[in-house]
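So, here come the structures, one by one.
The two complexes that follow have chain A in common; it is paired with chain B in the first and with chain C in the second.
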Partner chain A sequence: MGNGKQTILELDRIVKRYRTKGFFFGAHGQDVIALNEVFIKILRGEIFGLVGESGSGKTTAGRLIVRLEQPDQGKIYLDGRDITGLKGKASKDYSRRVQMIFQDPYQSLNPLLSVFDTISEPLIIHKIGNAEAREDSVWQAMKSVGLSPPHDFAHRYPHQLSGGQRQRVAIAHAMVLKPEFVVADEPTSMLDASMSAQIFNILLEMRRRLKVTFLFITHSLAAARYLCDRIAVMYKGNLMEIGPAEEVLRNPKHPYTQALMDALPKFVHSGGVKRYETLLQAEREVSGYVGCPFFVRCKVARAPKCSREKPPLKKLDDSHSVACFYAEPGIKTRSGGKA
Partner chain B sequence: MSGKSLDNRRVQKFHWMSRFLSGWAIFRQSFLGKIGLTLLALFALMALCSFIPPLVDPMYQPMAGVDPEISTVTGPSTRHWLGTDFMGRDLLSQLLAGARVAFMVGVSAAFMSVFLGTAIGMIAGYMGKFADTLLMRLADIIMVMPALVVLLMLAALFGQLSIWFIVFFIALFRWPGVSRVIRAQTLSLKHRPFIEAARVAGASHLRIIFRHITPNVLPLSFLYMTFQVTSAIIIEAALAFLGFGDPRTISWGMMLQWVWKTGHMFNAPYWLLPPGICISLITLSFYMLGRAMDEVLDPRLRKEGQTD
Partner chain C sequence: MALLEVEDLTIGYQSQRGFLKAVEGVSFSLDKGRSLGFVGESGCGKTTLGMALMRLLPPNGRIREGRILFDGQDLLEKTDEEMRQVRWQKMAMIFQTAMNALNPVHRVNDQIAEAILTHNPSLGKQVAYKQVEGLSRLVGLSKHRLRDYPHQYSGGMKQRAIIAMALACQPKLIIADEPTTALDVIVQDQILEEIKNIQKEFDISIIFISHDISIVADVSHDIGIMYAGQLVEYGAREEVFESPMHPYTKALLSSYPTLTGEKAQLMPIPGEAPDLIHPPSGCRFFDRCAGARASCRTNPLVWLEITPTHKVFCYQCGRQCGR
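Up next, the complex of A and B:
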């Protein structure tokens, strides 16, 4: 993605904490920091991938964007306007522009509403068109997600659909408002491989036809590579690396990203796979440190710097940034164990 | 296009029907359900028949009709199938009228309490925070108050209570149980992704409550209604038996009170037994109906409500 593209959505140093309850009265549990000063700019028209292992805060980021939750610190801008404090009509208008596809299609559809009613619901909420126009929009949305012929599906209820069909309904539900920005939270993690591929193609087609911008959340590097223009790698709520998908996955600069690549299953014929071995077998013992979030598992870490300071996001070139003291353009971090 | 809409509605109706039929299939396998339903049908028939005796002869009027030739307790005869009470009033017509009153009291009190309980439970569960705490503490307070004792005190203070006041009061005392269950169900629904999807789509709170939450809790409310009917009938009967019923209506509890007050407890079984048996059986049958419905709803609630 070149620099000419304009930013559509911006997360500006977002912090989100969850307060977990203690077991006993008064005893406060520890706060979980789901997002720690996350700074991301998403460009209009791109598919932006958010990858990271389970619990890294990907879903939380998505939920903040669709305003299911509020950040503790930081701001979120859509087209340069802060949306964190929207209320009433402004909030409702926002929901016309920004939608979400949820992870589990078995949970994201109301069991008592037919497919037709589910998809027309957003149109009714926003009072778009009359009954006839709405019906047309619903048929159209159904066709575009591959639920055709539509009248075969319109009157079915969720329990009469397969997982893949349910997810198509959920996508149609998100798309029928013709939003500009869509958060897709692991939309295929509950589906098999061929169904996933079909869903990906639907998303690509949506982007092509409707110029939708996607935030695509996944833990699958393969899916990210196939679908995304740029990706951000998260670890425990921290942004570790951000850049063009191809570049980041082919030539990862952050020890954590490199560890992720190592964790991919290797196939016999996949020649040229690099092994970085940046992951410690046993976690480092640390007490109350404020350094790099990856320090406890980073093999190439160097004390004392890594344990004392949090590495800032450093630009390697104009599109690729890494939050590691020792990442350098063109040089593998692995070779830096000498000092 | 309107053809398609029409089609949509028809299919929807069909869907509800098929849901009902599949529920009915489970219900029919329940032994309790079949007995309960049969008994209830009999009681309903009794309530319907209560209109007949007064038409046959004015002396069969349950309250005001007195046999001109009898002025004391008599046993069953061809003229009075169950006998007469101490003033020569026909016991069978009183028993039939009692069925009507039992249904009226039971169903209307249950309806009101379930309506209140459902509304309050949904508000508490959905709004959470302050409203939740306030409403649930109120529910606790009411729940520990003995309804019967409070009603007796009110009756002692204000003299005879009308039957509608009694119905209303039963409802006022019985909603907390329902509201607790509905609140729990609402809480579990509130964080389900399909509710969040509706929120992301811009749905207002009212729309979420009425479109998404209410239809998912109503089956549960309906189930609770049968149990509420049982307790309403028992409370009214107890009140009437203790002499605090509405003197202008004839309920089975009232009949028992007359037996007791006129000292015929042990020498007029034809007077004592029928209302006693009827009270036991009608509450039992509503209870059995509820249990059977519980069996119908439970797998469905699990299947469509809490798929994991």
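Up next, the complex of A and C:
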């Protein structure tokens, strides 16, 4: 992506901890760090992918952006303005500009609202237009997500819709306010392949027509490649690798990204995919280390460097950065170092 | 002789609007030590098929026609009690939701031992628990975690425990219904490897059921593509993937994003699957098929053999081949 593009949203060294419950009395348990000093700049008009396994903190990042939760440290900027402390009208205004599409359309839609009511609800909350103008907006939103003819669907309830149709209603619900920024949290993980493809194409079309910026959260590398301009790979709340999607997936530099590539089903993805074998058979045993989060599973890692020090995100070139001591620009990461 | 032979199986559910044929006219056979994968979208009948093979359909489900020959015996003629003897001992299932298939109030080793002891009461507790340890080694579960409760396990560990349980009575056939759907990619890869190794080691036959064509391709020798309750293409995985014949198979393959090759535009399949209570006559993919002609509606469908190990259920494919 060009450097000339403007940043729309910035996560500035965000930290989010969750406190776990301890035993009966006294001290609470250990904190779980969901996001550890995550720094991401998302450019206007791009689709930015956040990739990782469950528990990597990608959904937490999305929830912080739409202000369902507050960060413990760090700031989030939209167009250069800090949004972490917004209140009242400013907060409402923000939620009009930034919307979210949730993972599970079976749970995110209100079963008591018809499709029409679901999609027009945001317009009513934000007092946009009169009844007639609202109706127009709803028809338009429904058409743009492929719920056509809209009159057929308007008076149905969620239980009368298939999973793919529900997710399209959820997208229309998010898009009807014409937001500038949309967080899409695994919008297709509950859907079949052909439904997913429809949803992907709807998102691409939205971006083309409405110039919306997307944060696309996914665990599927193939989906990230199809949709995203840039991706960031996360592991246990840490940013491991960030760069143009095609570049990162064709030439992954972080051992964790390489391990993800290795884990893809082999038969379909076999042609031309390199094997990296960077994952240890069994996890390395360590006590109270503070180093690289991937140290316990990484074949390339070397003690004591990797176990004592957390590798910073280092730039390999203009757009591609990796948090690994042993990643070199252009050269494959060392394989088979001893611990 | 084939271990499992299914002939012309039709299964349906009694619903308020009428009889819903979830599976219609499905035939296939599976040899010992081979694996077969069924792929299709939700609602295509693949889970119903798996449940019917185990005779575990819900109360409103019924097998209307067909035969299931397993190990030389007709499963549909067995009484419930006789079926209980076959189930788990000769034919086991790995269910879709690994997370919920374990009993939360019993220790994992007790649960696996129970499965062994129920079917072989003469074994005795000590032997059974010894076997549990052996099974846990086989599926990569640490011996020290066996006395834990399921909630202390991660998703991958639960799935391993379920696989250990399925193997407990050394079955000849395992039916795995979306065995890795809820798991992360790395764990999924490890579990699939584990299943493949076990299959080789014990010469077990496996039926994989999934909507994810890449997973099925990874583990199966043969693949059956299902659409709207019918099998539409069947063959060796190399042939089905490298030269798909049925328009639905082609559409399914091109709606799937890949990591290699050129980044191509994904082609979603337009429209929706037909109503299975009143299915249309002729080809069921008619409304969504780009190559359909009027004759597809009226002509009876027949299986067309492309090679001895690859066949397709499509009228147009037959015409194009000039047969």
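The working rule: the second predicted complex is superposed on the first by the 328 of 339 C-alpha atoms of A that agree within 3 Å, B and C clash if a C-alpha of one lies under 4 Å from a C-alpha of the other, contacts with A are read in each partner's own complex, and residues count from 1 in each chain.
Criterion: contacts are C-beta pairs under 8 Å (C-beta built on N, C-alpha and C of every residue); 3 or more make two chains touch, one makes a residue touch a chain.
All values derive from a computational prediction rather than experimental measurement.
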item: Fit or clash between chain C and chain B when superposed on chain A; value: fit
item: First, second, both or neither for A:E121, with chain B first and chain C second; value: first
item: Contacts of A:S162 with chain B and chain C, given as first, second, both or neither; value: second
item: First, second, both or neither for A:K92, with chain B first and chain C second; value: first
item: First, second, both or neither for A:A184, with chain B first and chain C second; value: neither
item: Partner chain(s) touched by A:H173 [first = chain B, second = chain C, both, neither]; value: first
item: Chain B versus chain C as contact partner of A:H219, first or second or both or neither; value: second
item: Computed vertex angle (chain A) for partners chain B and chain C, CA, steps of 10°; value: 80
item: Minimum C-alpha spacing, chains overlaid - chain B and chain C, in Å; value: 12
item: Residues of chain A at both interfaces, chain B in one complex, chain C in the other; value: none
item: Touching residues on chain A, where the partner in the complex is chain B; value: 66-68, 91-92, 95-96, 99-100, 102-104, 106-112, 114, 116, 121-122, 125-126, 131-132, 135-136, 151, 154-155, 157, 159, 170, 173-174, 177
item: Chain A partner contacts - residues on chain B that touch it in the complex; value: 1-2, 4-5, 7-8, 11-12, 15, 192-194, 196-204, 207, 211-212, 215-216, 303-305, 307
item: For the chain C and chain A complex, residues of the former touching the latter; value: 41-42, 155, 184-186, 188-190, 192, 211-215, 217-218, 237, 241, 251-252, 255-261, 263, 266-269, 272
item: Chain A to chain C touching residues, read off their complex; value: 53-54, 162-163, 192-198, 200-201, 219-223, 225-226, 246, 249, 259-269, 271-273, 279
